[in-house]
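Below is one structure, written out as structure tokens, with a few remarks after it.
Here the chain labels run A, B, C, D, E and F in written order, and each chain numbers its own residues starting at 1.
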Amino acid sequence: MASIWEYANPLKFMRTTEAALPFIGWAAALCLGVGLVWGFFFTPDDFRQGSTVKIFYIHVPSAMMAINIWVMMLITSLIWIVRRHHVSALAARAAAPIGAVMTLIALFTGAVWGQPMWGTWWAWDPRLTSFLILFLFYLGYMALWAAIENDDTAADLTSILCLVGSVFALLSRYAVNFWNQGLHQGASLSLDKKENVADVFWYPALVSIAGFVLLFVALVIVRTNTEIRARRARALMARERLG
Amino acid sequence: MELQVDKLCVARGGLAVLRDVSFSVKPGQALVLRGPNGIGKTTLLRTLAGLQPALSGQVSLAFDDMAYAAHVDGIKTTLTVKENLLFWSHVFGTKTIDPAVEAFALADLLDKPAGLLSAGQKRRLGLARLMVTGRAVWILDEPTVSLDQTAVALFGRVIEGHLAGGGLAILATHIDLGLSNALSLELGAYRAVSSLQDDFDEAFL
Amino acid sequence: MIALLARDLRLAVRAGGGFGLGLSFFLIVIVLIPFGVGPETGLLGRIAPGVLWVAALLACLLSLDRMFALDFEDGSLDLLVTSPLPLEGIITVKAVAHWLTTGLPLVAAAPVFALLMNLPGHGYFALVLSLLIGTPALSVIGAFGAALTVGIKRGGLLLSLLVLPLYVPTLIFGAEVARRGAESQPYTSPLLLLAGISFAALALLPMASAAVLRVNLR
Amino acid sequence: MMPELGKYAAEVLSAYAVTLGLLFALVLVSVARARRVKGELEEIEHRSKTRG
Amino acid sequence: MIALLARDLRLAVRAGGGFGLGLSFFLIVIVLIPFGVGPETGLLGRIAPGVLWVAALLACLLSLDRMFALDFEDGSLDLLVTSPLPLEGIITVKAVAHWLTTGLPLVAAAPVFALLMNLPGHGYFALVLSLLIGTPALSVIGAFGAALTVGIKRGGLLLSLLVLPLYVPTLIFGAEVARRGAESQPYTSPLLLLAGISFAALALLPMASAAVLRVNLR
Amino acid sequence: MELQVDKLCVARGGLAVLRDVSFSVKPGQALVLRGPNGIGKTTLLRTLAGLQPALSGQVSLAFDDMAYAAHVDGIKTTLTVKENLLFWSHVFGTKTIDPAVEAFALADLLDKPAGLLSAGQKRRLGLARLMVTGRAVWILDEPTVSLDQTAVALFGRVIEGHLAGGGLAILATHIDLGLSNALSLELGAYRAVSSLQDDFDEAFL
């Protein structure tokens, strides 16, 4: 059985992922299409929330992705710190903008949903607030990558930032809870609490979630490979200049 | 206390600059690095001083035997010359700054804020710091920049004294210092040529 | 270590900055807010604890970039790193020096500024206490941010971006203590949490900062 | 075909529009950059191979 | 002149800072205020115009020290001063570059941040208008302050201290326009005064800055 | 186009450093300033370049005939070598940067960000900027710092070319450049000795 670390070789990683990319890409498109069309056209309105319940199908998946992408970055950062596989660091770099966009989507759809439901676009609710902080973490992380010229230095620094940032993100989540009780409904995704959401709304949401996950995977592959190539191009160019 | 460098590869910006540099310097000896601009002298010296990691290869002495002096001298412009030197002597736990002051003829300038010194006077202060560290291996990157003839001679004597006391020195310089016990190493021969790999690996080269 | 602390304090004083400038910035924010918000005393009194905390935080932040960048630019940092002092120690000393020149004066002056903001009379003790316990955390966290951005020329804004989200927990608990104090509510639990953050930051962050600094210097 | 969105039409539609727009832009940017970088790298590799 | 503007913009973008960082700082201040003051939307809405203006002002302020100091440190400023370009022109160009990279993005993003601060719906137009007219004055006044402090290492705090009092009139009128807008009152007269300040600053201050810069360089 | 300096007194930090310096340099000539560290070479050159006012005395040419190059070169590290040079050529309204690139052998480095250059390469870029200004009087403060022998020779040729084209140059340097048409001025003789005045006037001296 070959070790999984084989894929730490950039070329091997690129070959394997690029072979898989079309499948993942089409699956993502399919799931997203089905989930969103199903959700948008073929689900009933909620008796309380009216048609706004349709925002559910994008709000929840994007919110989940926003959090999970940060977790993925945390893991790849750890791999870089411990084993120093370049692909790992580059994958974290590639994922950050996707995470930021997901956070933005969650924030936007949440805000749009909040207007009819809570009578306000924005409230300083813990869930919302900690999302805003998460968005700041994404921004800072990307800005740090962009600001440092040397790739290895940037990888080291951003991964440490990711570690420390995660601790502080958890802390702020707790702090924010302490500070304000909030309007946002609790998590209903865990399986035992499924009754919170009726099945009619639930199944298309699941498909849509799968679509978001697949889209993320596809995008990460594309972007990581781009980063790998860009890095090699930089290295070659530097070498050329050296003569 | 001999400094042995074995097959050292040094890199700048992730790119190998010099490859397989080997030499050894005995106590009482100085090594002068030579080579055209951009060959990698600064990079090699910083690696020796422990300020950046080597790609591969060994250096026989630990970094805390080395004292490094570069283009920028770590001089605080708002402190006086004396305060600057005293600070470093505290940090390195040496007792006195008097020999350094004397060797570089700084006595007249002691109470002058370092920011008011001329280029050459600043340089002298930077070099005086080396003596204050009390370390055996001096690593010097173009030490004589901005120095006039008198000061160069002064500096030459200080180096000779350091070597006579069993110290080592490694210098990169474009001019001739006239040291009596100095080896010279031409770096041109060690320029790294990296080969293009198809199956590119972690270093992406 | 002590030599380093003495030097840093001396440099701060010589730069003409030292104690005065952080304070002045604090003062100015406090003065600007009424200009922006309007002079209503009731409104000002209500937002006073929060605004004082935010102002203290911004004043801290503004002086952060000096912490390592000056030493980096003139090469002192290279020399310090190769000196016999442990890097964690150097960083802690730098943070302490920063606190002494920025945090401590703020704590001392906060009551005066609170007066300008019409803070209710019984809120003073909690405000000063919360600042006293919270500002060391600001300095230590700031040292981490400063270490991250040390190689970047005038990384001031980037530094703010990186550090401010990290300041959020401290700010929330600190402001909560001050607010509860002003409203005569009990404030033991946020105070304990604030102290917890400060101690944890003091104990753990210098290690992360040292790692970061090592990376940045090579 | 269009479902009845009631008084919340603007909210729901804008949420969907913005989301799809953002995702689309993200995909577009990623793919475009992938293309460009791939081309650049090929050119550079070709150059350094022919030069030896 | 155009070469200088192009270079400054390019440098801002290369520094990774450029457009984003001023904005992020603005965002961060806006986020911190509620943490300090508490989450009550009514209260936040009332202080929103003032706080937004103060935040914009601080964001401007933070990037000021880059305006001349970078060029001073690497000697470019010496060379620019001895070049055929008139010094007043150089300063104006620098202020314009600063506004393009800091002020303009703030104006564009202000509505979003106003949302976070629960600004009442009819206040948006006045807010954006007041920022659009007021921020150029901030950049020009800031250029004056930056010229004053150019010789001082990391003079960031001192700069703030010098510049903030000069910002007060702009802030008062700008925030007044925004506040009246939020409360649906007429705001023509403060707007005219704000425009007056901006034009006067643009017309006269570069001369003073040039004089100051000449003194600082010799 | 002759540069005549008449009884120039220059000061640093409000303190007279050199007194009554007089000399004249004709087109096609170079003047080399010599003197020990701290005598006031940098101060004199900055005064000539119009970067600081003289205490008294006359300089016959206007400041916009002069191009000044000092220890710091005004190089933007994030811009490439080419962008750096192009910027200055726009500012000074000269048409092309090609001669400068050629003269200082910068062609290979054109697309490299200036921050990645070695000390000597940076210095070459800083000197290339002089050619781009298209001005007649070059004022150079220790121009050969960090340059290797090849580069020093390169620079010598550039100076000769500038002089041959009717230009002037004033240099402060501690090493010998071997210029054919160079005068030399020893500054030691002009050291200012401030007399303590009893009825101290506005200058407080």
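Criterion: a contact is a pair of C-beta atoms (placed from the backbone, for glycine too) under 8 Å apart; a residue touches a chain by one contact, two chains touch by 3 or more.
Bear in mind that the values here come from a model prediction, so they are computed numbers and not experimental data.
S.K.: A-C versus A-E: which interface comes out with more C-beta contact pairs?
M.R.: Of the two interfaces, A-C and A-E, more C-beta pairs touch across A-C.
S.K.: If we define chain centres by averaging CA atoms, which chain lands farthest from chain C? Would you check?
M.R.: Result for max centroid distance from chain C is chain F.
S.K.: Approximately how many whole Å separate the CA-defined centres of chain B and chain D?
M.R.: One centre to the other, that is 51 Å.
S.K.: Can you compute the centre-to-centre distance for chain C and chain D, using the mean CA position of each chain? Integer Å is fine.
M.R.: Here chain C and chain D have centroids separated by 41 Å.
S.K.: So what's the Cα centroid distance for chain B and chain C, whole Å?
M.R.: Computed from C-alpha means, the inter-chain centre distance equals 37 Å.
S.K.: In angstrom, rounded to a whole number, how far apart do the mean CA points of chain A and chain D lie?
M.R.: So the centroids are 16 Å from each other.
S.K.: Going through chain B residue by residue, note those that touch at least 2 other chains and give them in order.
M.R.: Correct list: 13, 71, 77, 196.
S.K.: Counting only residues that touch at least two other chains, what does the list for chain A look like?
M.R.: Those would be 133, 136, 139-140, 143, 147, 149, 179, 232, 236, 239.
S.K.: Would you pick out the residues of chain C that each touch at least 2 other chains?
M.R.: 15, 152-153, 158, 161, 164-165, 168, 172, 218
S.K.: Spell out the part of chain A that touches chain D in their complex, as residue ranges.
M.R.: Touching chain D: residues 36, 40-41, 45, 50-52, 54-55, 58-59, 62, 97-98, 101, 104-105, 108-109, 112-113, 115-116, 215, 219, 222-223, 225-226, 229-230, 232-233, 236-237, 239-240 of chain A.
S.K.: Write out the stretch or stretches of chain A touching chain E in their complex.
M.R.: These residues of chain A touch chain E: 111, 120-125, 129, 132-133, 136, 139-140, 143, 146-147, 179-180.
S.K.: What does chain C use to touch chain A in their complex?
M.R.: 144, 148-149, 151-152, 155, 158, 161-162, 164-166, 168-169, 172-173, 176, 190, 193, 197, 205, 208, 211-212, 215-216, 218
S.K.: Going by the contact rule set out above, which residues of chain F touch chain E in the complex?
M.R.: 49-53, 63-64, 66-68, 70-79, 83, 86-88, 90-93, 129, 133
S.K.: What residues on chain A touch chain C, complex-wise?
M.R.: For chain A paired with chain C, touching residues are 133, 136-137, 139-140, 143-144, 147-148, 153, 156-157, 160-161, 163-165, 168-169, 171-172, 174-176, 178-179.
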